[in-house]
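Next, two complexes with chain A in common: one pairs it with chain B, the other with chain C.
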Partner chain A sequence: MKHLENNAFSRFHPISLAVYFVAVMLITMFCPHPVILLLSLAGGILFSIRLTGTDAFAKDCRFYLPLFFLVTFTNPLFSHNGVTVLFFLNGKPITLEALMYGADLALMLFGVVFWSKCWGAVMTSDKLLFLFGKPFPRLSLVLSMSLRYIPLFKKKWQEIKDAQTALGCFSEGGFLSGIRSSTRIFSALVTWSFENTIDTGMSMSARGYGLKNRTSYSLFRLKRRDVFFILLTLALAASAVVGIATGALAYIFYPAASVPQDGSAILFYVLFGVLALLPFAEETREALTWRYLLSNI
Partner chain B sequence: MERLTPKKAIGYSIILVLIPLFIAGGAFLLENRQYVWISLCIAVLACVPFFAVFEKKTADVRRMVVLAVLVALSVLGRFAFSFVPHFKPVTAIVILAGLYLGAESGFLCGALSAFLSNFFFGQGPWTPFQMLGWGIIGFFAGLFSKPLRKHLSLLLLYGGFAGAIFSLLMDVWTVLWLDGSFLFARYAALVAAALPVTAIYAASNLIFLLLLARPLGKKLDRIERKYGL
Partner chain C sequence: MEILALKHLTFSYPGQEQKAIEDISMRIRSGDFVVLCGQSGCGKTTLLKLIKKELAPHGNLEGEILYCNKPLYKTDDRVSASEIGFVAQNPEGQIVTDKVWHELSFAMENLGYENSAISLRVGELANYFGITPWFRKQTQTLSGGQKQLLNLAAVMTVSPKILLLDEPTSQLDPIAAADFIATLQKINRELGTTILLAEHRLEELFPAADKVAVMENGRLIAYDSPRQVCMTLKNNPISAGFPSAVRIWQSLEGKNECPLTVKEGREYLEENFEPSLCNHVSRKSDFGIPFIQMSDIWFRYAKEEEDILRGADVTIHGGEIFCILGGNASGKSTLLKLIAGLRKAYRGKIEILGKSIQKYKNGGLYRHMVSMLPQDPQTVFVAGTVKEDLLDICGIMGFSKKESENKINELSDRLSIGRLLDRHPHDLSGGEQQKCALAKVLLTEPKILLLDEPTKGIDAYAKLSLKSVLAGLRDDGLCVVLVTHDVEFAAENADRCSLLFDGELLEALSPEQFFSSNNFYTTSASRMSRGIFQDTITAEAVIAAGRAQWKD
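Right after this comes the complex of A and B.
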């Protein structure tokens, strides 16, 4: 039942999803403000936990946490900007600013990494093909054919291998003869796949592929919910752009790290926080509804 | 197969010279941490003209199918050898695609192989760089297809060279990724640390080219002659 609880967000139209991911990732990439990056990372992590569960997240942490500290602590070794010198290492100053900059950079990197993970889980190949099918129809066709060939060729490989084993081709052991046998299978597979797929191509042109005025069926419908979601995303993203443009979300590390002054930036933090937490909120809402309905049945 | 017209040559040089210049200029002139992401955007954009050219040419469906087969084979190859780290036939197949199907198809074979195989090996901010790197390897193989097809030794040289350049380029990306700026000390340290990986990778290119070039080339030639592609 896990997948039923956890696909509320991915039921949005592919265009809505693409607009959302691109907006969040671009803001994360181009706004170095630590608060924004922290919010983005939190949103990405919470969403990925909803999508893939806490076990997968714990596994990720074991891999990413050391990297996080590596990025943070190696930056001062290579960069000696900044006014607050902590200590000297081999006669080179290690500065607080460089350390903070490293941490900020790590926040940004892992924010983008987690959002990419979510993108990978949500934007399945059918959605991507739908998105790219309009501007790049031939490319999408090549892509979808390759996607289909991968499992097909795997199966065929096994078939050829079985046939050759039955003929006694794999009877002698040893590394070299194994390689020779594999090469023979590969050769047969390549010949078979070219012949077979060119038939597909000819049959497609015979049926009028690529002619004008041909329509194609698509599973995705743009509903009111999707349009509303796009508008909300764009409005919230626009507020972040305003914040960056007016300097409210500016932050510098060198020579001295800036200190937050007035509270004017808080509004921008809140608005971006809403944007970053939208998928998590949607998934949570869906999960709660599901639980509630379950208990009433 | 495809002739290089002056107009096309200008278009190619814009893509292949100006964009790297932009990346390098951004790296050295702008004292701005964002250029790792700017270069990421450029990597995405750089792929677009190639895709557009492919779309515009009224490509034969049969050629598209052959391209799809090569992409699938290179992705499968990356799978088949994933137990040996960094030992993969992707570059060899991409080079052969460029040789026998033309420069644009070579680029597409490289870019799509990176894109598709990362569905299984993990998508991330590095995907556009791999797409561009492998794409350009296939593209140049197509441009120099005549001498490369004639002399196996040249082909092997190109394969080893392409592998090394690809690794060095990906190391540039790693440095940008780690520091947000290009620090030469870090790059040198990284290249030295990655030397065995680069060596294995270049060697795998050579081995797979040696194994695949003749038989796969013969098969592609045969298909071309049989169906008049």
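Right after this comes the complex of A and C.
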């Protein structure tokens, strides 16, 4: 696992990142044009490879590829629209258009999946807290406290389990006694967490929690780079919206698949391509910078 | 200037006859370092909480508390929150948020500081406390010592004038504890912050303190300079927790000034006693049959992690107390878990009473064989009262009702926990919890008893009672294995000691050999008497040797 905190792209301000991810994912979801979807998927895959490495991607493919084909081939089984009949199955026509539409759906699905994966890797808890902390300061503190409790619970669970095992509590195997022993640990854990919460509560009030005019501090500062990035994202996303609105990015599968238009459509492809490949480009630029710096040392 | 004054303070909890605090009057000057000591349950925590308005317990309060010459309970909430800092015992429970930086900013957020002010303060503070390397880490990944340092730093962000600390080092290992105390001294010296510290580990604290306050059953029985307190409180049970030098001086009825440090203690011994380098003590050297045999044990938690044990070998017998010493994260607890069958070594062999540990099936290992008291005694309890918990284990062992009653009565006499049986396990003090947990563990009637850091968080008095319990078990033929940081406790109790270092157990020696040959990893008494008396590694041994070697 690489150090995700150290990725070039994830160093943008959370607001910039949120704007970017939301823009790309919305376009992916609402523009069924195959070229756009291909570009989006490519951008998502390249970025996720930069984030988690080729090994992780290869592992993912073992699971995603069969799923991709499953989605692709499911559509023609249920939808019999389209003019180009490939063959008949149980007396129903299987059409090329339905197959293409299935592939298009799969592209969209996996585009969103890969972008979501990247979102998960980049938008770490502190970034999310910052985003939600602005409008809901209470919620953000509660989230931060819960995030602290989860690993604490895990650790305590193991400790209690060890202690009880060494007392000979879980010697019989079997499903029922497994459940019984889990409830045993759980009840001890609940008691422990009550005690611990009292300590936490004391520590909070001792440090003035509950006074008026609480502020919310964060380590994130909006720099010029972040503002520029937001503007660029919005401009590129706006071009896609224009493309969709004017029909330049419209694509029809039924009854016959439309042929990709030339001219203005290419401009829209390029602009969206730039948008989709921004994170990958940023990561690559930084990787190259490091390599260049290293070779100079 | 007087920062804090208590005037005839008396307090009792609702529904309780006995007064938790009785007629305490004391004045604390601004900038003083005051150490508050006394047995567990003497009212230290109650007193500290009464001084922190936000934490003051409900109950019947008489007398007066003045903060900067004004009644404490009438001070503004903001003033109280920022000027009076409080650090409690449990390093983990006090941390509120998931990131170190967020924890540091928490108090300032509550008080409504601006972002830029918070940045600046957090920055300078992280530098002062040496937190910078782990500034962006998750609080969960820190060690106990780091957590407690973070708690202190988090309180210091709003520049308190007085710090109240309730046994802050009791859950830390000795090195982390010494670091924490050193940081406190630095704060006191460089920032002039007044410190009121309740503590039972007093060895390093007495030389550092301006004043020592001693409490007994809710009363203040002494409040003076450390030296003066040591000279007045001579035959008081509380002195069991005093530094070794003080205990030796008191027992040998020293005259003049009482020594507080190892250095002063050496001077005192050199001046008053004839050196004698013949051996006084002989401890048990022939042991029974081997109970635990470990050979060439290798262990790591996950495939990609580093080895924790690298070929550990040891043989431990019945009828001995075997101490495993070692630094933080040296693998001591892991070794114990391997013997308890909770983890499996990937190489090597462990035999329990001549039978390989893998051959004990269906919990056979835990029936009349091996039992372990974990580091946190709370993890042993699952029921609502101590009695129910003890009955629970009797049920698991399959004792009949009458048998259970008898066994519980016998054990509760032996450990003197009779009056605790109807209480909730979590309401007990650290020492009491441990005794009750030990009772539960002993009900499995083990031949091998494993103890993980048994002296963590308990006071000197509880240590004495643990000492006699362990000696009794040893004499009954049990094999007692304990891992500990506490060199003083090991020196007093062990039959053999071994140091776990670099994944291996070094040669097991008698404590006399072990501690008198060590220069650094040894007891204060040994450091103090080195070259004057032979093999005197405990305060008791120095006292005995001293009685025989008076100078005229």
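Simple rule for what comes next: the second predicted complex is superposed on the first by the 253 of 297 C-alpha atoms of A that agree within 3 Å, B and C clash if a C-alpha of one lies under 4 Å from a C-alpha of the other, contacts with A are read in each partner's own complex, and residues count from 1 in each chain.
One rule holds for everything that comes next: contacts are C-beta pairs under 8 Å (C-beta built on N, C-alpha and C of every residue); 3 or more make two chains touch, one makes a residue touch a chain.
Keep in mind that this is a model prediction, so the values were computed, not measured.
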Check: In the superposed arrangement, does A:239 touch chain B (first), chain C (second), both or neither?
Finding: neither
Next item on the list: Using the superposition on chain A described above, determine whether A:7 touches chain B (first), chain C (second), both, or neither.
Entry: neither
Notebook entry, point to check: If you stack the two complexes on chain A, which partner ends up touching A:84: first (chain B), second (chain C), both, or neither?
Noted result: neither
Notebook entry, point to check: In the superposed arrangement, does A:52 touch chain B (first), chain C (second), both or neither?
Noted result: neither
Notebook entry, point to check: For A:193, is the partner it touches chain B (first), chain C (second), both, or none of the two (neither)?
Noted result: first
Margin query: If we overlay the two complexes on their shared chain A, which of chain B and chain C does A:212 touch? Say first, second, both or neither.
Written below: second
Next item on the list: Classify the contacts of A:181 with the two partner chains as first (chain B alone), second (chain C alone), both, or neither.
Entry: neither
Notebook entry, point to check: With the two structures laid over each other on chain A, which partner does A:284 touch: chain B (first), chain C (second), both, or neither?
Noted result: neither
Next item on the list: Considering only touches as defined above, state whether A:165 meets chain B (first), chain C (second), both or neither.
Entry: second
Notebook entry, point to check: For chain A, what residues appear in both contact lists, the one with chain B and the one with chain C?
Noted result: 125, 141, 145, 147, 187, 191, 195, 198, 200, 202, 204-205, 209-210
Checklist line | Residues of chain A touching chain C in the complex | finding: 5, 125-126, 141, 144-145, 147-148, 151-152, 155-156, 159-160, 162-173, 184, 187-188, 191-192, 195-196, 198-200, 202-219
Note to self: Show me the residue ranges of chain C that touch chain A in the complex, using the header's touch definition.
What the structure shows: 52, 54-55, 77-78, 81-82, 85-86, 88, 90, 92-99, 101-102, 105-115, 118-119, 122, 136, 138-140, 151, 154-155, 158, 337, 340-342, 362-367, 370-372, 374, 376, 378-382, 393, 396-397, 426, 440-441, 444, 450
Notebook entry, point to check: How about chain B: which of its residues touch chain A in the complex?
Noted result: 33-34, 37, 40, 51, 54-55, 58-62, 64-69, 71-73, 75-76, 108, 112, 115-116, 119, 122-125, 177-181, 183, 185-186, 211, 215-216, 219-220, 223, 227
Check: Considering the complex alone, what residue numbers of chain A touch chain B?
Finding: 29-30, 32, 70-71, 74-75, 78-79, 101, 105, 109, 112-113, 116, 119-120, 125, 136-139, 141-143, 145-147, 149-150, 153-154, 183, 187, 190-191, 193-195, 197-198, 200-202, 204-205, 209-210
